[in-house]
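Lettered A, B and C in written order, each chain numbered from 1.
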Amino acid sequence: MAGEVSPQEEGNRTLHLRTLRKQWQIITLQVIATVALVWMYMEIVSTYVVGSIDHTILFRMLEQEIGSELPVGDWLTGLDQQGVASYYVPIGVGITIGGGMSLLAFQPPKRQQKIKLAFVIGLIVILSGRFLMNYLWQLWGDGWTVPDNNALATLEWPLLTILSMVILMFYLLPVIMGTRGIWGLSRKGVAWCIGFVLLFLAIHAILSFPVVKAQLGGYGDKLATLDVLVGAPTVGFFGMNLVTEQQFSLIMIACLIMIFQESAFGVIRQLEYAFRLPESCKRDPEYVKQVDNVLNGHLRHTVIFLTITTLSTMVALGFHSVLLEFVEGVTGSQWAAQVSESVELTLTYGLVISALLFLALMAVLRFFVPWQRLWGLIETSLSRS
Amino acid sequence: MWTRKASFTFAGGISLILIGMMISNHQMMILGLSFVAFIVANSWISGHGDVEVQRTLSADNLYKGDDLYVELLVTNRSGRRTQTLEVYDNVPHEMKLRSGLNQMKMNLGPGESARIRYVLRCPLRGHFSIGPVSLRYRNTFNLSVEEMFVDHHSDMIVFPQLRDVEEAFIRSRTPKMYTGATTLRTPGPGTEFYSLREYVPGDPFKNINWKAFARTGDLMINEKCRDAVTDLYIILDSRDIARIGTVLKNPLEMGTVAAASLASFFLQRRDSVSLIIYDEKLSYLPPDTGDKQHFKILSSLAGVAPQGAMPLQAVTNSLAARFSRGSPIFIISSCEGDGTVPAAIRDLVGRGHEVTVLSPSSIDFERLVSRIPRMSYEVLKIERQNRMTSLAGFGSQVIDWMPDMDLSQALLQVRGY
Amino acid sequence: MAVDGNSKLKRIGLQFAFWGVLAVLFGTLMINFVNFGQPNQLSAYDNDWDDLSAFRQDINDMGIETKSLVSSPLLLEELEDPRNVTFVIAGVERDTISLPQFSGESVVTFASEDGYSPSEVDAIVDFVVKGGTVIVFEDYGYANTIAEKFGVKFKRAQLYDTVYVHELDYNYIWTCMQLAPCGMNGTVIDPTTIESHSRWNITDPLAGRHICAVWADLMALNGTTVTEEEAGLCAQHHQDGLIRYNASYQMLLNNITSIDIDETNKHSSMITQGIRSVSSSEATIDMNGDGEIWIGSGLNADTPDLWGQFNTSIEVCVSATCSPFESGGRVHFVADGSTLINAIYDYEGFNRGDYGPVTKEMPANDNRKWALDVIAESLMAIDPVTGMPLGEASPTAMVIFDESRHVQSNVATDTYNMLYFVLVYFTGEGLAKLLLFIALFVLFEGVLLKKKDPDPWRHVFSIIYYGFGDANRYSYYAKNNKIKQVFLSKVRNQNGLTREEFDSMPARELQAMIADPVLVKFVFENRTFTLEQTVAIVKRVKVWGRV
């Protein structure tokens, strides 16, 4: 149909990256991702690492070996703290380093090159500066000789410092890569972070397997392991106790991984879409409005559906007791009596089967609950008023 | 439909649960359960494509190379949100996107609308259709995708370009050029005044001479002199051989431009123009005047495609009898691959028609796309020249049209007999 | 209005086909292991005359928790306290999935007629080694895989004995839990032939004496009396405020077989077998199952059956003494799957008609007493300080009934149990785990290869056009004859001649018309020219006739 067609308009707001990055929805998602990252790291550390394989043990071993304190301050490495508190400052350091790397990624290539070069040169100077000066002085005084102990002693501090930082960075890799991924809009960074975490969990699972753990001897005893059998639930909501404390921390680890991943990838995905729009579309108010809508929807869904995921995982794990009660209540059936007393229901098999049963019920329920229509009616009436 | 991510997540969840049970590791089982729970939770949300689509084009018909402004209005007429919906307006691949984008990612609330505006350029003539509108609902976390479409099309015609040939006809050395309508001293349809006569029922009111009525009190009609218009016949060669060359430079493209320009020129002068296109079949548009005829000719030329191998003599044999006596005939053909051209022209000239052969040089068009050995090229050229000479020898005016030559320039090079 | 088109229908059709094929495959698998029309029996959770509900009820009345195992004995590895668990296998009526196994000698072995897979058998063996107690009641089923690991083997052919219940029929055999067989005095058991249990009546409490006897001795020493309630797990021996332990057991068995000692596949040399009951020396075994007994001095086609004295119950222990005060568990093998069925176990209730109409009454027997004494020995609590029995059940005491190898009452139940079995099996069994890994890997590969996300939309401007001429003719136009023909056409056209006129023109006139010696030679001489010559000729032809 032919008619009057006006050209694309230009509005006040645009979808250029420098503007869109500062939009409140993007910042909120990034903050959610960062909080999830730090929280997840703390949960993992408190469940698997603290008191077992944490960095303070390694540092103390190192100090014992060298017979003196490490040059890096205890306040920085967390050696002056106990338990999970020993990770507070290092996490801050990790976020700072990750943030710095993100900031670097947004600089022009020449400036990036200069900064990287300055960093490398600085590292070289720290490592060998004093040594070179001492040695040169020695050469000046004594002629061509090998470096004496004084000169060699100057290498001790930088080497130990770098070693401490390397160890700390190794422990903080997920935080550093995650922060870099969130704020530097790097998919690779987010993927590496999740990869490290899953790899750690997988290695820990393999090492804590009884057959493998027995082979590790004394080192295996130090490994923190999880209880096999289900205990009495103490954590829940609305007065229902659904899961044990340990199960709750495991649920939090799993759900926080997802929250971190979805928030970070969501930000990158939306910004990438806006970045790829042609110039005229970036200025078009229609596109700006719809990107706003999409971002609002993304934020809503991130909060709502990930919360539902966490809650439904908790309910799913606590569902086996409901199932037991239900089955016990069914009388007059040989099968019912058999199942109600079955060992499987008390072990993890029954727990998992009942959890999957609950999730299957939840999946089927959507065909009976027209929540989207109801919500649409509410939205329509709100928009009219 | 689940995406790859959802399939991996679900399969990964089940795998983690099973492997966790195998090695009695609670973390793996819970991780797997949370993955499955995530998929299940997201299954509760779904988008829809129940939208109303309205497309507005700046023009239904335009000329080759013109810009087309398109606006697509998408309205959510459902009572619930569309969720993240990607809307893509399918544009023919022959059209170039000049500005804007023919797609948008949107999330429309109930009753909300969004406009997509973009500009297309049409470098090829033809009949085109924009649409349908493709819709793709994508889950927020990229877990599911659903494809739909709205069957809404907008048709348009891209006419061949018109060239200005007036100057060529004015400056042409050839006598008997066509000067358009000439007045005959007989009453009939026309523009010049002939005489007054009494009104008879049925006469159009617009022809009533009111001054005469005021004077005499009787209704009087202005009678006009009949215009004698010339019937011009344009025969366009649309055989398969006319496709030789590039997409924009080939005998058929040049021919359509020439036919359109000539038709436009003569119709402006109120001559009757007829268009005959021969390819695998024969299409005959009888001579007529006016804008309607202009539109018909341009529409026919827009849809012309190179196919078939009908000889020219078959055309002249079937239609020559219908040609008005002494009317000029333009034959736009490369004269390549058709041994009946000389006989056809001789026949037309013999019937008293003024024949002008406008022949795009197919060899030079072929040279644009193929590497012809120099010697073969020269011989082919000589052969073509022989052909042109023999056609001229039968009494027609022959124009050898090179690829880089403008139409008016070519018309100026008419070779008389 | 959005139109989904045929793609939605196609998707639904594909899904339907996929699930349909999966259901057919699954059903085919299930048919192999789900029994249709078979009688369900020997279940501790059913209360027919041929089930074990009375035994289970007695255990519950003693305050001991009972559990069922519907999937696989692989779950025994998950138990925290095997020492205080008794595992009851009453009839192994069903085979299991026979996957190839990795063995020490050959790479892969194939087991047949398993009953239990090697991993399940190993799980049971580990359970016993850790201190658990297993009771195996079997006759013609699939229990030999367990038995062989403990150095015994079921004969799986019916045993007939002269010591049988005359009021019923020859299928009902009397056997006494003692080393010497008990005999008949006419139609009843000769009480003089009844002795005591070979281990439970030993005087040394640490050499295998029954725990109720030990407790009774302790109470006698302390002068303690107990009520029947306080008697706990030894209530069946309670009499006048004391525990008067009686070590003689007159057992009634039905349709029995015999058990041999066979150390071929014994798990460990630490395991010791103790014969607990035997048949009379006049017993026979119908080896070929034809219902006839043909015996001779040797075993051949004419005399395929056996006669003599056969073992009807063997106890296998991990420790040398079998004492409950030592570590290591024990397995009681009884050559009759129906030893504890309600009809025999609760003979009083059966005779009363509690389990259906009665045609013949069941005689009194000590099956219940024996079974409860086994439970008492395995599950009685022992004071960790003094090491003395406490009479009551251990707080973590549990009896698990193996329901995984029983025919279920309906298909749904069988299916449920099968699902659990598949889950436990594929996450517990060695090769099955490998298969599961492979299946998961294939699943991931399938998703990676097949599952493609829709391509992002992008408008691509492209005009595909083919406008090439016939390149084959180029070489033709380089030939001399063609050049000649073209030149002559040019000459003819230039001079306004028709073809006929030109053809009839004399050669001299034509030469004069051409007026170029090179071109005249080219036209009139039939010779080959070099490329350079031809090029030169073409150039001359091109300019020929120009003014």
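FYI, contacts are C-beta pairs under 8 Å (C-beta built on N, C-alpha and C of every residue); 3 or more make two chains touch, one makes a residue touch a chain.
Since the structure is predicted, the reported quantities are computational estimates derived from the model, not experimental observations.
The most distant chain from subunit B, with centres taken as the mean of CA atoms, is C. Chains joined by the most contact pairs: A-B. Ranked by how close its C-alpha mean sits to the mean of all protein C-alpha atoms, the top chain is A. Inter-chain centre distance (subunit B to subunit C, centres taken as mean C-alpha positions): 72 Å. Chain centres here are Cα averages; for subunit A and subunit C they lie 41 Å apart. With centres taken as mean Cα positions, subunit B sits 59 Å from subunit A.
In subunit A, the residues that touch at least two other chains are 228, 348-349. In subunit B, the residues touching two or more other chains are 21, 24. Shared interface positions of subunit C, i.e. residues touching 2 or more other chains, are given as 78, 423. Against subunit C, in their complex, subunit A makes its touches with residues 228-229, 334-335, 337-339, 341-344, 346-349, 353. Note for the complex: subunit A touches subunit B at residues 1-8, 201, 204-206, 208-209, 226-228, 246-247, 250-251, 253-255, 257-258, 262, 266, 269, 273, 277-278, 280-281, 284, 286-287, 289-291, 293-294, 296-298, 301-302, 305-306, 308-310, 312-313, 316-317, 348-349, 352, 355-356, 359, 362-363, 366, 371-373, 375-377, 379-380, 383. Subunit C makes touch with subunit A in their complex at residues 40, 43, 45-46, 66-71, 75, 78, 80, 400, 403, 408-410, 412-413, 416, 420, 423-424. Contact residues on subunit B toward subunit A in their complex (touch as defined above): 17, 20-21, 23-31, 33-38, 40-46, 54-60, 69-71, 78-81, 83-84, 99-101, 104-111, 114-119, 140-142, 154.
Of all residues in subunit B, only 1-5, 7-8, 11-12, 15, 18-19, 21-22, 24, 48-51, 86, 88, 91, 93-97, 102-103, 123-124, 134-136, 145, 147-151, 243-247, 250, 362, 365-366, 369-370, 372-376, 378-383, 385-386, 389-390, 393 touch subunit C in the complex they form.
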